[in-house]
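Next up is a structure, given as structure tokens.
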Amino acid sequence: MEQLIRKIKGMVSLKAYIKQRDDLHFITVKKEQLELILSHLKNNEGFTHLAFLQAVDFIEDGKFQLTYMLCNYETNVNLGVLVLIDRDKAEMNSIHSLWAHAWQYQRELFELYGIDFPGSPRVHESFVLEGWDEIPPMRRDFDTLEYSDQTFYQRPGRSTNDPAEYMKEKMYKNYAASPMIRRDNE
Amino acid sequence: MSLATQIFYAVISVTVATAYGLTLGGITRKIYARVHGRFGPPVWQPFLDIIQTSGRRVSVSHGNMFLLGPVFRLAGGLGTYLFIPVIYGSAVFSNFSMAGDLLLVMYFVFFGQLGMALGAGQGGHPYSPIGIARGLAQMSTFELPFALAVIAVAIQYNSLNITSIVAAQQGGFMNWTLFTNPLAVVAAMISLLGMNMHSPFSIVLAPQEIPIGPPIEMNSGFLSILQTNRGLFAAAKLVLFMNLFFGGATNLLEMVAKTFFIYMFSVFVGAAYPRFRPEQSFRFFLKWPTIAGILSIIYIAYLGGTS
Amino acid sequence: MSNLSKCKYRGYEADRSKYPEMENGKAVIDLDSHKYTKIWQGPQHPGVTGNMSVELIVNGDEIVHAKTHVGYLHRGFEKLMERRKYIQCFPLVCRICVPEPDTNEYCVSAAMEDLAGITVPEKALWLRTLNLEMSRVASFLMWIGGQAGSLGMGTIGQWTVGMRDFWLDLFEEMTGGRVYHMYMIPGGVRKDLPAGFKEKTRELITRTGKLMDDVDKSFMSNVIVKSRLQGLGIITPEMVDEYGIVGPNARACGRECDIRINNPYVKYDQLDVKMITSTVGDAYARAQIRYQELRQSLDLMSQILDRIPEKGAIQAKMPNLVNWKIPAGQTYIKAESTRGEHGFYMVSDGSEKPRRVFARGASYTHAIAVLEKLAVNISLSDLAALMVSLHTCPPEIER
Amino acid sequence: MNKKHMDEIENQMKLANAGIPEKERDLFADARPVKVDPFNKYYEGFLNWARSRSLWMLAFGTGCGAIELRPLMTSRYDMSRYGIAPRPTPRQASVFIIGGYSSIKTIKRIVRSYEQMQGPKYVIALGSCTINGGMYYDSYNTINRLDYYIPVDVYIAGCMPRPEALIAGFNRLKEKIRAGECEGMNEYTEKFDWYKSNQKQIIKDWNMPDYNW
């Protein structure tokens, strides 16, 4: 694996490399070099299986992180290729020519995150939502509870308790002194 | 016998046959359930179903032909039944049997399905024309061995009158067509499987493919007519088969016993087999049963048979 | 193993390549010409698996175009999990795939353990293995029923789903839940085995084995089943990588990809798991592989029952789960469900709620890209059988 | 009032089937549903007895509740001994089982299927999520209260409700039918506008006819 990372470093500028487990590694590459590295990994390094393509919303940094999870069936190693793209005007190159099922993920990402993949087939078709007119729901600035309260009729009588508070009040009145509770040590 | 008495007898006969056919349907469900390892619905469940469907308050029609579909179907069932002598020698159950009735009955067996095809087509649901196409295609394929078997029987007994065919089979079970011309019975019994539309020939109603096909839009009263017909028609077919191949019946008990076993043949095949693909079903009917039918004619006409 | 040349009715099949006319590599389908009919198979249709729909254009009985529509079961699990604390996610994750919820539970708890660096005690791992295998058996039993039902043979479905119910009883005894178990929580499992559980399981294994003998006689070796499934929906080895096909669907055409063997998790490295493959790739080969895997799962379970340690902790020492904060990081945990690679991708930002949880279900590609490809040029009557033979499970597609 | 004026008023009451294209509009009904009163007491009583013993449920697994319908249908619990049978088409079904949560996309199909069923029709709602949203109360894509969109006769609480609970729910429905209390069909007709406005509030792209019968 180290050999492969060295090789990739020679090809593209590697922004970060994390080894999570023996069989799971993450590399971060530049947006422009993604297609190059993916096709190299697929064609020459045996990472033939695209397990998924998903996005993570880092709203604080104004970035989306796209994760391309590849799998090598010979060495049984998973490699996550990460790309950071801008959150506003989110757009990414389509990889539908590399894997025949990649367009599905791209269609889902367009609908749930609003990330556009120009050229990807059926990317603007609705996937799981019908007639959605709000901001894409998986973005972190979309408040699903507020939307649900406004749109669907809540039946009165539901109450929500913060479990920590609730336990403190009802079950363990002397919470601080209780030896039964292991608190986190942060 | 005056016409009025005859009509009165026919009403009794039709009522008994319908009730018997529906009970058979209930027994079928019970047997299926037992094969499945279940308790199963009560035997009188089909009667409750008919009351329930006819008692709906709303009913949607799609036009005149749609209305006529179930009516044609019931007419087919009635027509088939009314020209078959049910019990040999009984005044009440001899119906309108006459010379050459076998041809008329053959016609009526397939009449209902044609009428249904006209009616269901107007429902507008895409699955009904697909179901009709399958149904008519399958009908014309299982009609072939059945017709061949009937021709063999007609040659054998030199008659197109069911009553005289039954009469010729009296006097011991060795006179039944089952034993005098077994090949014709094989051909006919296989085509009965197709007629009864149990698996593996249930391609018309196939719920997993075209959710129950032609009657998909039938509701309320229309459906209850179809259900009634299902009981009557099942009884009519079984009685026809009993008369042609199993020596007829001289009393009600014998009729019940014989038809029950004829019906259970297709029920047990149905419980043990999955469904054919339409083209497989067509090819199946055009193969072995047709060959058996042709051989039976050769056996009777050229080899002399045993009669 | 079946052979394509043995396929009885194959020679009769009409040449379907002439429909529709191809133009520039794209099918030209003129609906107004009344040559084609548009049919929506589902969501209200007894032949589709779960609540999804396939938009079909048929020419007679032949499908010339298929398009999958999902989203009828979309609940936004991933969004909901972002709003919940880690331990509150557990009631949600098991509902992602209803017939086989335990793989979800395992993946999420393993992902949390991986991120937080928790080692699970030995006995808990064995119990997890047992639970995962039990859920595989339950799911396969349901699948056999579905495959038989899609061919119109309700009898097998009644037998196997009835048998599955006894497995659900065992689940209830073990975990307290019939369908949703929430058994594997971070750090281990919730409960030890109840008294007498092993004997009951062994007895049920024998009963299921006997039922499988009956199924083999009446379903797997049935002439009509063979004639319908052989040659249906052939997946070629080239398609496996192209479409991301996993699990039994990929093993049926020769790809050796079983995560239990390739990347052993829980205790599979100490068990005798065999790779079951075939080279044919049609629906019948898939059915046989699933049938044999069910047999193997029963066998594995006897091995597990012999080797579960009597004593030992079932829970690692955990911080207070109510305020549990997991260090920042990301991980991907995959496990072999009955449909193939089932994985969870979890990103933590150091707070007490996950930043992102993504469930990768095997059906995601099977039900959309693969189904749309394989459904073309088959008969309308085979679509239900094809969908079941790909083992699609809609809730894990749309989540 | 002259006839033209009457027509105008009637037209204002009508919904326009606005969701479907112009050329297809005459394929669908454009009449409001009418309230159909029960037959006379004794006949209706007899019919109700038969209806309660022959419940045809629509085979539409709308949610994860469908998973417990399978044990109910098969040999362990066998609902057929109570006269309950699955029916593949809404035209023939009389009981609609809503299997748990329903997303926006599904509620659209539920409304259509429900309207296509021929009355009297009954609705059984499974699971906590049909009562108040259950654990999906904050989801952006699932409804919280089913009774705002179609009339519900019996709720079965639980997640999942066990087959025994389903049988109990069916028995409760039978009791209600026999007592003549299941008039959900007429309720829907009377409060048609209210139901329609609720439905249209959540179903954003209303590309279906307003009347489905």
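A, B, C and D label the chains in the order they appear, each numbered from 1.
In this section, a residue touches a chain if its C-beta (ideal position, glycine included) is under 8 Å from a C-beta of that chain, and two chains touch if they have at least 3 such contacts.
The structure presented is a predicted model; accordingly, all values stated were derived computationally and were not measured.
Visitor: Sort the chain pairs by how many C-beta pairs are in contact and tell me the top one.
Guide: Answer by contact count: the chains A-C.
Visitor: On a C-alpha centroid basis, what's the spacing between subunit A and subunit D, in Å?
Guide: 38
Visitor: How big is the gap, in whole Å, between where the Cα atoms of subunit B centre and where those of subunit C centre?
Guide: About 43 Å, centre to centre.
Visitor: Quick one: subunit C and subunit D, Cα centre-to-centre, how many Å?
Guide: Those two chain centres are 31 Å apart.
Visitor: From the C-alpha centre of subunit B to that of subunit D, how far is it in Å?
Guide: The mean C-alpha positions of subunit B and subunit D differ by 37 Å.
Visitor: What are the residues of subunit D that contact at least two other chains?
Guide: 59, 74-75, 88, 105, 138-142, in rising order.
Visitor: Among the residues of subunit B, which ones contact at least 2 other chains?
Guide: Where subunit B meets two or more other chains at a single residue, that happens at 36-38, 207, 211.
Visitor: If a residue has to touch 2 or more other chains to count, which residues of subunit A qualify?
Guide: As it turns out, subunit A has residues touching two or more other chains at 128-130, 137, 142, 144-145.
Visitor: So what shape is it, when you link every pair of chains that touch: line, ring, star, complete or other?
Guide: other
Visitor: Can you name the residues of subunit B that touch subunit D in the complex?
Guide: 29, 33, 36-42, 45, 48-49, 51-53, 55-60, 124, 207, 211-212, 216-220, 223
Visitor: Under the touch definition given earlier, write down the residues of subunit D that touch subunit C in their complex.
Guide: So the residues of subunit D touching subunit C come out as 58-64, 66-68, 70-71, 73-77, 86, 88, 90, 101, 103, 105-106, 109, 113, 135-136, 138-142, 159-160, 162.
Visitor: Could you pull out which subunit C residues touch subunit D in their complex?
Guide: Subunit C reaches subunit D through residues 43-46, 50-51, 71-76, 79-80, 83, 91-92, 95, 98-99, 142, 145, 157-159, 161-162, 164-166, 168, 178-180, 395.
Visitor: Which positions of subunit C touch subunit A when the two form their complex?
Guide: Where subunit C meets subunit A, its residues are 70-71, 74, 76, 78-80, 82-83, 85, 88, 114, 241-244, 246, 255-257, 262-263, 317-320, 322-325, 329-332, 334, 341, 343, 345, 347, 355-356, 358, 360, 364-365, 368-370, 398.
Visitor: Using the touch rule from the top, collect the residues of subunit A that touch subunit D in their complex.
Guide: For subunit A paired with subunit D, touching residues are 128-134, 137, 142, 144-145, 147-148, 151-155, 157-158.
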